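This is the structure I want to talk about, given as structure tokens.
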Amino acid sequence: MLLLEVKNLDIDYKTQEGTLKAISDVSFTLRQGESVGFVGESGCGKTTLAKSIMKLLPKNGSISKGEIIFKGEDLVKKSKEEIRRIRHLKIAMVSQSAMNSLNPVYTVGDQIIEGILAHTNMSKKEAAKRAEEVFSIIGLEGKRLKSYPHQMSGGMKQRAIIAMALSLNPDLIIADEPTTALDVVVQDRILREILSIQKQMNSSMIFITHDISVVSEICDTIIVMYGGKIMEKASTKIFFKKPLHPYSLGLKNAFPSILDIGEELISIPGTPPNLMKNLSGCRFVERCPFRTTLCQSEMPVLREAGEDHLVACHYIDKHEAFTEAAELRETWEAVRSRIIQEKEEGA
Amino acid sequence: GGKEVVGPDNDVEMGDLVPSITILSSLPEANMVNYEMAQELVEELQKLGVDIKAEPTDFAVLLDRLYGEEGDYDAYTIGWSGRVERLDPDMFIHSINHSDNADPGGNNTNRYRNSAFDALADAQRQEMDINKRREYVFQAQQILAEDVPNITLYSRANVQVYDKERFDNVVNIPGEGLFNEWTPMWINPLTEDKILRVASNINLDTLNPLAAKSVYEWRNLRLIYDKLVRLSPEIEPIPWAATGWDVVNDTTIDIHLRDDMKFHDGVQVTAEDVKYTYELFIDRKVEYFASFLAPIDSIEITDENTVRFGLKYPYAPFITNTLTQIPILPKHIWENIDDPNEYANEKPIGSGPFIFENFRRGEELVVKTNKEYFEEIKIDGYIFNIFASPEGVLTALELHNIDMVSYDLVPAHIDLIKNNDGGKYNHLEMTEAQDIGFFYIGFNLDREPFNNKDFRIALSYLVDYDLALDVHLNGYGSRGGGGLVINAANEYWYNPAVPIYDTYDPERAKEILEEAGFTWDSNGKLRMPKE
Amino acid sequence: MSKTVVSTSIKSFFTSKKNSQGFFPVFINNLKRDKLALIGVILLIFFIGVGIFADFIAPYEPRERHYNEEGKIRRLEAPSKDHWFGTTDVGRDIFSQVVLGTKTALTVGILAALLVTLVGATVGIIAGYSGGVVDAVLMRIVDFFYAIPFIPFVIILSAVLKPSIWNIILAVSLLSWRTVARLVRSQVLSIAKRPFIKAAKVAGASHSRIMVKYILPNVIPLILLEMAFMVNFAIMAEASIAFLGFGDPQKPSWGQILHINFVTGNSRSAWWWTATPGLAIVLLLLSIFFITRALEEVVDPRLRRR
Amino acid sequence: MLGFIMKRIFTMVIMILLVSTMIFFLFRTMPGDPTAFIVDPSIPKEARDQLLERYGLNDSLWKQYTIFLKDLVRLDFGNSFFYGRPVTVIIKDLIPATLILMFTAMLFAYIIGILGGAWMAWKRGTKLESFGITISLIFRSAPSFWVGLMMILIFAVRLKWFPGQGMRTSGYTGETFREIFLTLDFLKHLILPSIVAGLYFVATPLLIMRNSMLEVLSEDYIEMAHAKGLKESKILYRHAARNALLPVITAGALFIGSAMGGLVLIEYVFSWPGLGREIQRAVVRHDYPLAQGAFIIIASLVMFMNLVADVLYVILDPRISYK
Amino acid sequence: MDTMPLIQIENLKKYYLVNNGIKDIFSKEKKYVKAIDDISLIIKKGEILGLAGESGSGKTTTGEILVRLQEPSDGNIIFDGHVFKANSKIEEKKFRKEVQMIFQDPYETLNPRFNIFDTIAEPLKIHGVKNRQDIYDRVIKALEIAELKPAEHYITRYPHELSGGQRQRVAIARGIVLEPKFLVADEPVSMLDVSIRADILNLLKNLRKKMGLTMLYVSHDLSTIKYLCDRIAIMYLGKIVEIGNVKDVIDNPQHPYTKVLLSSVPVADPDYKRQSIIIEDEVPDQIHLPEGCRFGPRCPYSTEDCKNFDHTLFERRTDQWSACIYNEEELRK
């Protein structure tokens, strides 16, 4: 059963310099119990996408097109009050800066209880009990509920936030880089907890990170974003064996792994596109080693490239050649000189 | 080497440049007219090529300069207020012009020294015969008018108001205005409410006669405490708490007390009280009266109701100034007080026409009439209301909250009341009394160019006396003139026959200077006559 | 302690990627959008013009008395063709006085602000950068000045010194550098922690070089902003002191005009005499406040409208 | 916490001593004869010298200073030259008037400031906000004494709604605090000066509240609160306003301190019989002990309020602790 | 190849005095954060040493002391044969020329008011290079080594006109323009996107090749350390707990903390089944450190004996030292 269906979503930010197209034409689906990981470079629109689902976009941001169908209803069309009732109860969020997401002047317990009371008829006592329950689920002592945020370590705060998100058994958890600021040891533990709880509760999860190894460990599906668009979507297993999009290929090259033995890292030259401009072709065109004129004029749509595998590239068929070439340093060096050259011409 | 060329050749032939002059003037908020007049004089003198500037100076700083050891000043503006005791000419003739007082610290801050004048000033002081004394005073005025040791700019008028719908029979005295010692005693209430409400814009601070410093404190204290002699509205000394006095000789005076006087606590007033009080004031060095008490040599009780004062030297103002001022204190209270100077005296007990009721600092003093007093008083008492600023008084007058003001209205308010916009001041009667005090520009006669009499005379032609009176005082006051110290309002002592320099005529000033040998150099700067 | 909102948030000016553009371009850009700031600039230019050319603009000598055809003094006349702002109780032209007062206000404002920011910024930079004992000592001095109530102190100081605008400037400066010092210090503290300062140290830059070449340019926007506040503060202080009667009576200033108006008992009847100098103060200060608002947006990008 | 307060009080005492020392020497360098306003200039020089003697003004500066310090420790500021009464007594009489005016004005300023500031932050970017800011800046630009004059002109002289000066209608007598201060008459007198002072003060809490509110509104926990599906009003009051109030309140305590001094002008214009007006007069009259005493009291109040600000900060913000 | 040590650290300590609360003014006892507590290290010429460890373990502090941004509380640093004792003045200029540092945040390391040329020329100017041509040539050369080519394109730009990766290169160019012998890189890539991270890592790698640079590379990211470094030192609460060749340490960790750390690193391979060792995630209070082994309270293997342990490093395998009283075998039990 489909829990969430995002269709042709466009999100704009109004800025002093003009309109910034943070998300353009993004579509994806999420099944009950499925966890999907969003990865991509900084500024590619991951947070924007997450926030749009909860309709938490900043004042200057707006959904200009598209539908977000959650349990059969289009969230875009819902009123403020209706959205408010869905938030936390149905869709809960663990935000990017969990560290600062707790109000410093209230105890952690109060803040969890407050969330519960906003959506149920529970008494304060019951809510407190529930808070204790979720605290124990994520491995914190109940007495910690009385702590103020500043009395807790980063890892504990992060867990408290997760506990908060779980307190009403939401259908969907949106976790925006919940572990980025944490140590590996702590991160590891929290990831494990998230994973086990999500499986246990059978909620769906949208997990945002820039660390593909994290996705590989905890998500069923991976979505690679670039410049406000989805470049590739696949089940994690398939993706890590056989990424198809040139950008994904580049990412894999650039990612050092603790298991690797002396393979040389190759980065993707260039920078992400300026979303302020009106971009017509493929978003990755500037940095793509395999581009053609077609790529420059036409944005490829997300296409089926196998079971559970969607790719937005005009040349899916050539992926084998691409994969081979992508492992070579020269391929990417060529891009670098190309970019420099283009700049010079532009200047 | 070589010759220094100062200017065209004939400059060298001339006298010295007139030194640069600083007039220490009042600050505008302290005395606007003085301030303005000093500025005017500066402009006039600048036109005549004198290097001069005005320096508005804080009053305390001014006094420091005038009375300090250094005597470092050229000219200044200041004034003498017209307190009633100053109707006696001694203060203005002797204190401020006698050469004895011309040293640092003395009141003769003009450093005026004229032996002929000194002789007259001494003579009037010691002459107990009033007519002869008047003759001396007249002559002294003549000399001052010729020598112009200072230039009197103006005298203020005491413009005050009272509520004519509620009271009549008020007394208006030069130098004192409406709230004098007679008005509360004689005023006649026209309505059932027989409490007189007096407005003041000056604070009362203490009711201790030994600590009182302001005129306003005294104006109230002298109604609570009685005095041996009071000055009548015509400024004649009349025995009050005394039945009379005998001038035994030039230095011995007997005072005969009344025998029907009681303090407010019921205790009889005796000669002991009088002797005690005078000795207390002398002993305690009460600054306010120090100069009046200085001549007293001895005080004796000669019989039950007679006190004999022995003087060190003949002192003509003894009755008019000394006896009219010292309040009689109850010995039985004061002898038990450790430090009378610092005593709070929160419930003053006197023997005067009014009995103290209540005093709240900064707000009001309430007194009721002494029904057992030897004179009949028609009101039931009065409230002395202290206002923070004249603005408040004006509002209170509009609201009929006040029956009388005790200070001189500021010109802006005089106009407002006169215009009587909308008839809101219909109930008020405005009174005017000339002040015997005066404001003047004084000079340091020890310094050039003020040591030059002609220069001073020329200066007196540079002062626009009409401007001061008509523009700055709005007409409420009287004109000044060179060397004028006894005001026409002081009818008895004023010598109308003396011609004084009191016209504004810059051309004439120039002529006088030229005649006196002053010259202008090629830069237009005024130079002193060549020796 | 007194954290001005400005100081706490300034840090982000430099850290934010988009806003590291120059100070003035952003400001000018702001002017285009912010009408109030534009009004402020225009008004300020107007006042500065009036201040510079005051002697030409003022139609009369400020002390000149005016008489009517019958030779009577034009006492307390309401505004008219001849006297735009009316006359005083001795027939003086209030318009001329107000115009000349502009000069005084601007002189005091600008000089005091310069002095204050100079001292305050120097102390702030030295304290913030040096840290340790120097910082502690300087900050105790700042604390000391914070404990002194402003107006009463300036009253006393102007009474001790002779009444003159120079002494008012001195008095204002003596007490106000503390604010600038503290704000600058806190900003310097945060700048000094930033890696580019560390990098400079690693490169071997001397302390003075770091202070002058690295820290100073980065606190200049804040200093400019504070300077604008100080101009206002000083003008207000001068007016207040003069109004209380501690000003220089021979120097026409707005506070002085109001003081004379008040002490001569005309503040309740001659509205034109009370209103005009006050309005001048309001307009001048308002113009600078409008400008500081735009400046503030430059210094603190979070205040900017997107 | 107690230790912290103790330490702050200790530094405060040191500061008061320093400030007092400074003010002491400042006054001694003041030119002018302090007797000028106490006695008539016509009195003989000897008498004036006696007066100086009596006030100890002829002693060496050092001796005067040690006496001053000794007295200060006993909270004795000496006798006022002008009033001849102990300065402490005079100040005690004046302080209630000042404090009442001050707190009324602060209350007025804070209620308007906080509500207005929060509202302006909420309405950010709208015309209403610009309007609000402009109004508050106008009052910040207008000298309080001038606004006072204009208010008197309009409300007291023209409209006659309120009395324009003083603290009480003359003739009213009352003895106890209640009789003096808790009357309708007193309230009527209080309204204009406290509104004027309040209007002048209002910009501070208003702008701090607005900025602080803006800052808080951009905090992550506000977004989190939205994400929790809390009601808008709850977010505004429970999360945003509560946190935004922190700096406003602490700034408020600090501000009371500095506003103390600023009241001089308002008291002067409204002839309000308070400490501020008295300090102005005392300086004019060269009444050192009184001016000194009043100044030290005001300075101590300022410092005390700084202390209160620090303590409040600790109490209100659980993040800071001095345990 | 056994080369000379370039830097040798002996018993280095850095204690920060913390004024934690006002009560302290009444108590004599002073409280310290022991950011570095008695560590000794050797960095050989031409070697890249990786320094890893939990947040707050003292990595940055160590780096900053090495470039003398901070004074050590105690201990010696022997740089290129010169001994620098704690609190001793050193020949600043010469030292400054030979030791440089690169910081974590690419947006913060450059003065926003300097253009790129000024930024890189600054160290030269400080060190008295006056000839303008000389300066220009060296700036260009440094930029080219940092692979900002063509260099002329960049020199007039301001930092905000560059991308994160470019800024970090500029920072590196500034670091190498004086041709130092030793470079401390404090998490130079942790703020960069993955796609550009590799560039910087490669650049650092090449610097050693081109300039023979010795380097201390500070990071909490073991993957990048593995990629870049020859040897690795693991820090825990101000102590070095393990040190050895990168490969050895990662493949055969000897210290329990290293084991935990390694087991926690996520791996980008869905098929790889990682066995995490789960431990208490609360780090002990830095002021009140546990007795004996600092890792003791969290250590899955800890025993009573650990409470008396003084953090001596034992050579458990060749050139691989571990500060644990138990060797591999004992741990296995």
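Chains: A, B, C, D and E, in written order; residue numbering restarts at 1 for each.
By definition in this document, contacts are C-beta pairs under 8 Å (C-beta built on N, C-alpha and C of every residue); 3 or more make two chains touch, one makes a residue touch a chain.
Quick caveat: nothing in here was measured; it's all calculated off a predicted structure.
Visitor: Suppose you hop from chain A to any chain it touches, then on again the same way; how many hops at least until you reach chain E?
Guide: Tracing touching chains, the least step count from chain A to chain E comes to 1.
Visitor: Work out the mean Cα position per chain and let me know which chain is farthest from chain E.
Guide: Result for max centroid distance from chain E is chain B.
Visitor: From the mean C-alpha coordinate of chain B to that of chain C, what's the distance rounded to whole Å?
Guide: 46
Visitor: From the C-alpha centre of chain C to that of chain D, how far is it in Å?
Guide: 22
Visitor: Using mean C-alpha positions as chain centres, tell me how far chain A is from chain B in Å, no decimals.
Guide: Result: the chain centres lie 93 Å from each other.
Visitor: Taking the mean of the C-alpha atoms as each chain's centre, how many Å separate chain B from chain E?
Guide: 89
Visitor: Any chance you could list the residues of chain D touching two or more other chains?
Guide: 31, 152, 156, 164, 284
Visitor: Going by the touch rule set out above, which residues of chain C reach two or more other chains?
Guide: 159, 245, 267-269, 305, in rising order.
Visitor: So which stretches of chain B touch two or more other chains?
Guide: Each of 58, 391 in chain B touches at least two other chains.
Visitor: Give the list of chain C residues in touch with chain E in this complex.
Guide: 14-15, 17-18, 20-21, 194-196, 198-206, 209, 214, 217-218
Visitor: What residues of chain C sit close enough to touch chain B in their complex?
Guide: 63, 65, 73, 75-76, 89-91, 159, 163, 245, 249-250, 259-260, 263-269
Visitor: Show me the residue ranges of chain A that touch chain E in the complex, using the header's touch definition.
Guide: Counting only chain A, the residues touching chain E are 41-42, 153, 155-156, 183-192, 210-214, 216-217, 236-237, 240, 250-260, 264-269, 271, 340, 343-344, 347.
Visitor: Give every residue of chain C touching chain D within the complex, in rising order.
Guide: Counting only chain C, the residues touching chain D are 1-3, 5, 8-9, 36, 143-144, 146-153, 155-157, 159-160, 232, 236, 239-240, 243-246, 255, 258, 262, 267-269, 271, 274-275, 277-278, 281-286, 289-290, 293, 302-303, 305.
Visitor: Which residues of chain D touch chain C once you look at their complex with the stated criterion?
Guide: Those residues of chain D that touch chain C are 15-16, 18-19, 22-23, 26-27, 29-31, 125, 130, 133-134, 137-138, 140-143, 145-147, 149-150, 152-153, 156-157, 164, 207-208, 211-212, 214-215, 218, 247, 251, 254, 257-258, 260-262, 264-265, 268-269, 276, 279-280, 283-284, 291, 294-295, 298-299, 302-303, 306, 309-310.
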